[in-house]
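Each structure below appears as structure tokens.
In the two assemblies presented below, chain A is common to both, partnered first by chain B and then by chain C.
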Partner chain A sequence: MSVDLDQTPRSLLVCDRSSFLDEKNRISSQVEQLHFNYKVSVLLPECSSAPSHLDSVLNSFSSFYLIRKLPIYELLDKHFLETAVYQGSVYGLSYRTRIDEDNCVALMPNGRLCLSLDKDSFQVLGVEGKSSRFNHRTNSRYVVSVDLTDSSMAPGGRGYMRLLTGLRSRLHLKSDFLLSHHPGGGASLQPLLSRYDWSEHRPEISTHAMTHLSCPTLLTSDLQSRDTHSFLEWLGAVDGDISCVNSSSSFLSSFVCPEPKTTLSRALRVSICGLLLPQDVHRLIQEIRSYLEQPRLESWVSLTVHGFADSPVSWGGREHGVLRGGENFYTLLMFHDHTYHLHLATGAHDSCPP
Partner chain B sequence: MRPVDKKDQSAVYQRVVLKNASPYHYMKVCLVLEDESTRLSAVELKQFIITGLKNLYGEVGAALTFDLLKYNEDTLTALLRVYSRGLVKLWSSLTLLGSYQNQACAFRVLQVSPFLLALTGNSRELQLD
Partner chain C sequence: MSVFMDLNLSYTADRDALQSLIESAAHLGFSTVAINYVFEPTAKKKQEIPTPTPISELIDQLPIVQGRSRPIRVLNRLTIVMSDSSHFRPNAAEYRSFDLLALQPTTEKLFHAACMLYDVDIICISVTEKLPFFFKRAPVNGAVDRGLVFEVSYSAAIRDSTMRRYTIANAISLMESCKGKSVILSSAAEKALEIRGPYDVTNLGLLFGLSDGDAKEAVSSTCRSVLLHAVSVLRDQEDGQWDHLHHEELQ
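What follows is the complex of A and B.
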């Protein structure tokens, strides 16, 4: 009986080690495939204030828009498709919908519209879809995925009309919606935005300077599995303001910085939250690489990107869900010699990261 | 970028996939009390959770070590760390803890993850106006 109590839901951690200079490195595609990013957090050791170039890159992250109570059939509007979806990439995600309880909608940059629906909504909608990969015993969740750029979904066509009538007259699917467009920005979304209650938002940037931080010594050689997890745990502690200074006799916590360790006299943590585009994350990575090229006291920088927990899709349009948690994030540890360690983590209702 | 002599490059590429390898699980919990103005210190909270473990699993269960990583006394929100094989025991004893000093209480489990980093980037906390 006690064996069963030891079980926890499946989680995956992929650890990639490579170099930016290696032509076969897949870091660009791995960054680009996580379409919906919620938070980017950067840790700069031996740094007390954000360097001006990094600051300007962070301030130039694209704005995103929130539309209140958007009827989802509006995403099929002919004019919206022609001006926004077919030109460039639209990133759209339903806001304040929980993937394990409500209906969620995502519009991916490649023009794919993904609806994650509960059983009743799916049956009312009446459009072809598949049952969720993560259904256990009973089919309670269904996924409808259509490619809006495909010829079968051209405005006026049969597939298009069936989905449009489904969303408009049968299932009146309405949700608050987060929207962003690359590279057009707000201009291509204006016709859609102007019809509803909308607001523009800038990603929220916060910085936190720390002094006398214990830090594990980072070597470019092998990081064993145990070390990987303790390093990620230490990063989480720094991100969450958790103290690493606990004596062995402390009642409350025995959490300490992993050995071997050094002390950083100062460190800077910068984080940015909102609906963030992978293109902006990519620019930030390039900027950090040029920051590392100069000789520094500490020759590494860590960047963590969190995906949305309630997005119906994770890396590359693969289905994502929440069982006990909706984690899908990656941590990129960059060194001055252009090598990097990339850790991609997912929870139970996720496939293996790329 | 400085041009790099291609002869110096050694193509070192390694990919390791770890499944269920995290030794710890982390929980973000919040204590809701009948009398909302009651405050507990960190030590009192940890002792309270240990009594819950003892009620359900006995002395051996109460010996399950867990860490109170962070505690906010105003919102009664705590971050706990426990060994993965002890997660179910800790969670079930939190669920069944019903009263604190003769007043009704409940633990709300806000987030659970094998990664501490996931607890600092929860998109459900995104508040726009």
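What follows is the complex of A and C.
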């Protein structure tokens, strides 16, 4: 009587290596496709305080709004569609809802509204949808995805009225909602916000300076695949303030810095949290590229962008779920010669990153 | 998937301990818990089935579940440890005040009767001693068809290393008979330190021989189907709590 413990929950890691100067690099589409970004953390080696340009870019990240108990049918409001959804892009995500426990809602910038519902809610709503790809044994989760910019969903149309009556009278779906708009900022969202209890938030920035950090030596050539896992683990340990000393007397952490390694006399860790737009992440990447152009002691910078663990969608609107952890993030390791290593990672219930 | 539930928190008379138990369950992410009153009738003297204390007397303000915006739901459950067939009286009036009914049979004959005949929701697997009988496929399949579930509790494994061996061995032998379906994992915690978070319990399920998906269901959807089974068996619920079950989950 023994149990097979060899199988661990799977995770996906896609590694891409290219240069910013190469025309065929896909970095901008890969950055843009992760619509909902929760946290960006940057590790600057041999740096003790944030350079002013970097600081100003971080401070210029767009604000976002939190509406409490928004009834979801309001996202189909004709005026809201005309002023916000059809012009520019709206990023919206239900807040404090768990993807494996509750009903979750996402409004993507291309006008797609995605509802991830449990079986009862889906049957009560009565709108066409598909069963989730990550169902186990029985169908317990369903995904309803509609394109609000499509002609069939124009206000007054059949599909539109069916969804609207479903959300308004059959399934009273209500949740806290995070909302952001590009490029307009809050102006086009005001009519919707003013009807409910809302608050504006600035993304939270925190910086942490470290001394005597042991770090793997990074050369532009050759980071083998097994080294990638240990490098990402080390990077995560640095970000989470976890000791990599692995002394025999401590049982808390057995993470180690991968060999070959050096010691940095100083390093700076900057992170920013909130509902972050991919356009702001793109600007940050360009700013770091110009930072790297000047000669430095250490010629690399790493940037990690985390998606929301409880979002119903990850890259490109593909379905996202949580089995054990809902990680969907990418790490961009940039070098001074404009080359980069990109690692995109997801957990078990997710499709392959682009 | 449905919300995470822990359907076995031991009842203690100490109100503060019970309150901290419920608070730590909410903090860990459980949306529904059940206070378990254990009734162990002995041949010696006649004992009365305990009546559950109303939840409003146990705790003033139900804590909000971490990461969600809803307070934790607390139910009442009765577990009868049976060593003789007279210990369980079908359709007894005292059972009506409990939301869930569970049996812990100690002999093979009683296990067979519990699986095939008795009107209960949960059958508890003993984790503190070597299994007194083997699980046969026939009663296990019969129980699964009727909508019953088998429960494995893990806090004995936290308290003592010998119990840990019994828990794992008994759980693995159950999984071999039932193939991982209709199983729930719960804590049977007496103190706040003995309860573990839902994802940790899912990992523990792997040690018991459940697959990834089955182990997660054992803490969520299977528990939900037990609650729905308890409602469907007409057992007059006077406080009408069950009308709220569907409405809350829909929102």
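The rule is short, and it goes like this: the second predicted complex is superposed on the first by the 342 of 354 C-alpha atoms of A that agree within 3 Å, B and C clash if a C-alpha of one lies under 4 Å from a C-alpha of the other, contacts with A are read in each partner's own complex, and residues count from 1 in each chain.
In this text, a contact is a pair of C-beta atoms (placed from the backbone, for glycine too) under 8 Å apart; a residue touches a chain by one contact, two chains touch by 3 or more.
If you're wondering where the values come from, they're calculated on a predicted model, not measured in any experiment.
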Fit or clash - chain C, chain B, common chain A: clash
Touching partner for A:G240 - first (chain B), second (chain C), both, neither: first
Which superposed partner A:D22 touches (first chain B, second chain C, both, neither): first
Touched partner set for A:V124, first chain B, second chain C, both or neither: second
Partner chain in contact with A:H229 - chain B first, chain C second, else both or neither: first
First, second, both or neither for A:L173, with chain B first and chain C second: second
Chain B or chain C, by number of chain A residues touched: B
Touching partner for A:L5 - first (chain B), second (chain C), both, neither: both
Those residues of chain A which chain B touches in one complex and chain C touches in the other: 5, 7, 98, 324-325
Chain C-touching residues of chain A, taken from the complex the two chains share: 1, 3, 5, 7, 9, 96-98, 100-102, 118, 120-121, 124, 136-138, 140-141, 171-176, 323-325, 348
Chain B to chain A touching residues, read off their complex: 1-2, 4, 9, 11-26, 42-43, 46, 65, 67-71, 79, 81, 84-85, 87-89, 111-124, 126, 128-129
Complex interface listing, chain A residues touching chain B: 5-8, 10-19, 21-22, 24-25, 38-39, 41, 66, 95, 98, 199, 201, 225-226, 228-229, 232-233, 235-237, 239-243, 251-255, 273-274, 290, 293, 304, 306-310, 324-327, 329, 331, 338-339, 345, 347, 352
Chain C to chain A touching residues, read off their complex: 1-4, 31, 67-69, 169, 172-173, 176, 181, 199, 202-203, 206-209, 212-214, 216-217, 220-221, 246, 249-251
